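Listed next: structures, encoded as structure tokens.
Same chain, two partners: chain A is paired with chain B first, then with chain C.
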Partner chain A sequence: MTTLDMLIKSLSRLPGVGAKSAARIAYHLIQSDGEFNRKLAVQIAELQDRVFNCSICGSYTETDPCPICTDSSRDTSLICVVEHPQDILTIESSGSYFGLFHVLGGAISPLDGIGPEQLAIGSLIRRIKDGHFSEVIAATNPTEEGDTTALYLARLLKETGIPVSRLASGLPIGGDLEYADRITLARSMRGRIRLGSF
Partner chain B sequence: MKTPSFKTQAFVLRFINYGESDRIVTFFTSEFGKLRGIAKGARRSRKRFSNAIEPFSHSSLLFSRKRESGLALIENCDIINHYPAIRTDLRKTMAASYLIDLTDHFTIESKKSSGIFQLLDDFLALLERGNGPEETVRFFELRLLMLSGYEPTLEKCFICNRSLDEIPAAFFDAKRGGIRCSLCGRDNQGGIPVSTGTLKTLLMGKQIETNRIHRLVLSGNALRESREILRHFIHHILGKEPKSLQVLDEIGRIV
Partner chain C sequence: MTTLDMLIKSLSRLPGVGAKSAARIAYHLIQSDGEFNRKLAVQIAELQDRVFNCSICGSYTETDPCPICTDSSRDTSLICVVEHPQDILTIESSGSYFGLFHVLGGAISPLDGIGPEQLAIGSLIRRIKDGHFSEVIAATNPTEEGDTTALYLARLLKETGIPVSRLASGLPIGGDLEYADRITLARSMRGRIRLGSF
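The block that comes next holds the complex of A and B.
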């Protein structure tokens, strides 16, 4: 197998990259300048040595604790619970949340045999009991697994008296009511807000 | 030649994400039994699948396939019932997941089973209406075993044929698929002790019309005994414990 074949084979293992895309990327890299390729190779090689999970929130970081956990300007009374580290980046990009995060590492999925003990729920509970949080935001995905996880957290934290909220589900901005599906529309109706309340 | 299309009602049993935006979905259909199909763009397209591909969703399914054994192409999936009351209750969600998991284990691809389809439909509706999750699960297990040809003998001792009214106590023997009375052997011999009261309630739950099943309430002891014998029997038949059961136990400790 040639070097090029091996590269195509490796690239095609990446998510969303099929054999054709892998070949296109490989041919693009051949034509790129050597310096770019060397930098890319070093960056990939260093990923696992330099990036690890934050010991507090579980996010990907190069320093422990991560910059979010050590940022004194953040609102330490709010904690947003997400399924995966990449969800933090998505929420951060909204520019609308300035509290702390906690990564569960997945969601409860009975059909796949994934229960609470396989997720970072124990460390979340310890954090909440040791901290001074006034709200826990369950920002798990709006799927059966995400909803189940949010319900579980709400039940688990009931005795602490700290409210658990769920991200709202509803109509997309700029969308058309006519094209909304029944479930989203029903949830939007249930979660409607009084004008002037935001 | 154009690939033929078919329309049927279906429950989503499970799915796995495939590639960037596709899903391979296992449905349990009313007309074609268990069916596996690929829903292209399901993770992106809200239009063709309108959130219908979620475990235990009841949907109207349009699919095409060349061969009965091949992977179907899911063309459209419209939701019939999303069970909002189940999805906002942790215990009910766990119970529904278990019903789905059991249905998956007790059905095979391309084998129509109208009885099991109706059973699942009825019991998800019971959960949605507010029936006790634990009772619902027990009676579902019993009826599923019956429809799958594994009905346990609970009405009489499998050795001496004495009826429940004639025996003081009973032991459930998973290997023999029935009860052995205490008169036919005092010691346990690997059987699970079960009271005749529990057995009588289970027998009622097997026969009673589904719309009256909410009237049957199992006591704490009956729930414990029936859970033990049915789970043991299902484990024996499947040769393993359904994955959802372990999660159900884990979560059951706090709810």
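The block that comes next holds the complex of A and C.
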């Protein structure tokens, strides 16, 4: 196997990169300037040495605690619970939330053998009981597992009196009714909002 | 900028990788086994030191001449002319051709300032005049530039008497008439084949 074949094989193991895209990327790298390739290689090689999980919230960070946990300008009365570290990036990029985060590491899924004890739920409950939170946003995915996890958290936190909320489900903005799936459409119908009420 | 942000930025410069896929790949790399990352980094870092252009056909190779040019089992009476080295991989993967190749490095495009002298056409003509070819397949892309280049080659090679052919254009197999563009449909209409004639 040639170097090129081996690189294409490695690249095609990356998520969202098929055999054709892998070849396209490899050919691009042959022709790109050497400096870019050297930089990319170093970034990949050093990634796991530099990036680890924040000991408080579990997000990926290069300093412990992470920049979000130590940012005094953030609203420390809000905590947003997500399944994976990358969900933090997604929510941050929406610019709609300025509170703290907590990464569970997944969602409850009995079929996959993932129960509450496999997730960072114990540390979440301790954080909430030790803190001064006014709301817990369960931003797990809008899937059966994510919904189950959110309900589980709501039940666990009931005694604290802190409300647990869930992100709204419905039609994507800029979308088209015609392309909405039935379940999303049913959810957005049930969750319909009276005009003038917001 | 964190290591993760820098890696995402580098990855998003690769062809076919947008900001979202770059983030997805970076998060995958954080979680993947370290051995895979080290191997991928070395492959990227060493790529340009190991892979270069074949001095005969111009394809990417790690030995000179390349494995195709030195393969005595191939049909040395056929030469297939392509725009880019990666086109060789595509044609090879079809399993429909067993002759030699020649890479032009692009196609004639006066608007982009690419004339015959910017392409490996001189070396192609010398190869053809020095060799014993029975057919030249101009497998440049089915675009205006590719067609122009193929016609240019046919005119140059007219005096040699060696026929120059072009890949057939038409409907993709498994495709649907409804999704064919007008130009492809017009070409496949003009190039229609009488049943029983092949």
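Criterion: the second predicted complex is superposed on the first by the 179 of 198 C-alpha atoms of A that agree within 3 Å, B and C clash if a C-alpha of one lies under 4 Å from a C-alpha of the other, contacts with A are read in each partner's own complex, and residues count from 1 in each chain.
As a working rule, a residue touches a chain if its C-beta (ideal position, glycine included) is under 8 Å from a C-beta of that chain, and two chains touch if they have at least 3 such contacts.
Bear in mind the structure is a predicted one, so any value in this text is a computation, not a measurement.
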For A:G16, select first, second, both or neither according to whether it touches chain B, chain C, the two together, or no partner. both
Counting only touches as set out at the top, which of chain B and chain C does A:V51 meet: first, second, both, neither? second
In the superposed arrangement, which partner chain does A:P116 touch: chain B (first), chain C (second), both, or neither? first
Which of the two partners, first being chain B and second being chain C, lies in contact with A:T184: first, second, both, or neither? first
Kindly classify A:T3 by the partners it touches after superposition: chain B alone (first), chain C alone (second), both, or neither? second
Residues of chain A touched by chain B versus by chain C: which partner has the larger set? C
In the overlay, answer first, second, both or neither for which of chain B and chain C A:E144 touches. first
Residues of chain A contacting chain B in one complex and chain C in the other: 15-16
If you look only at chain A, which of its residues touch chain B in the complex? 15-16, 18, 108-117, 143-144, 147-148, 151-152, 155-156, 179, 181-184, 186
Which residues of chain B touch chain A once you look at their complex with the stated criterion? 13-14, 19-20, 46-47, 50-51, 54-56, 79, 82, 84, 87-90, 93-94, 97-98, 100-101, 104, 243-244, 246-248, 250-251, 254-255
Touch list for chain C against partner chain A, complex: 2-4, 6-7, 10-11, 13-17, 21, 23-30, 34, 36-48, 50-51, 60, 62, 84-86, 89
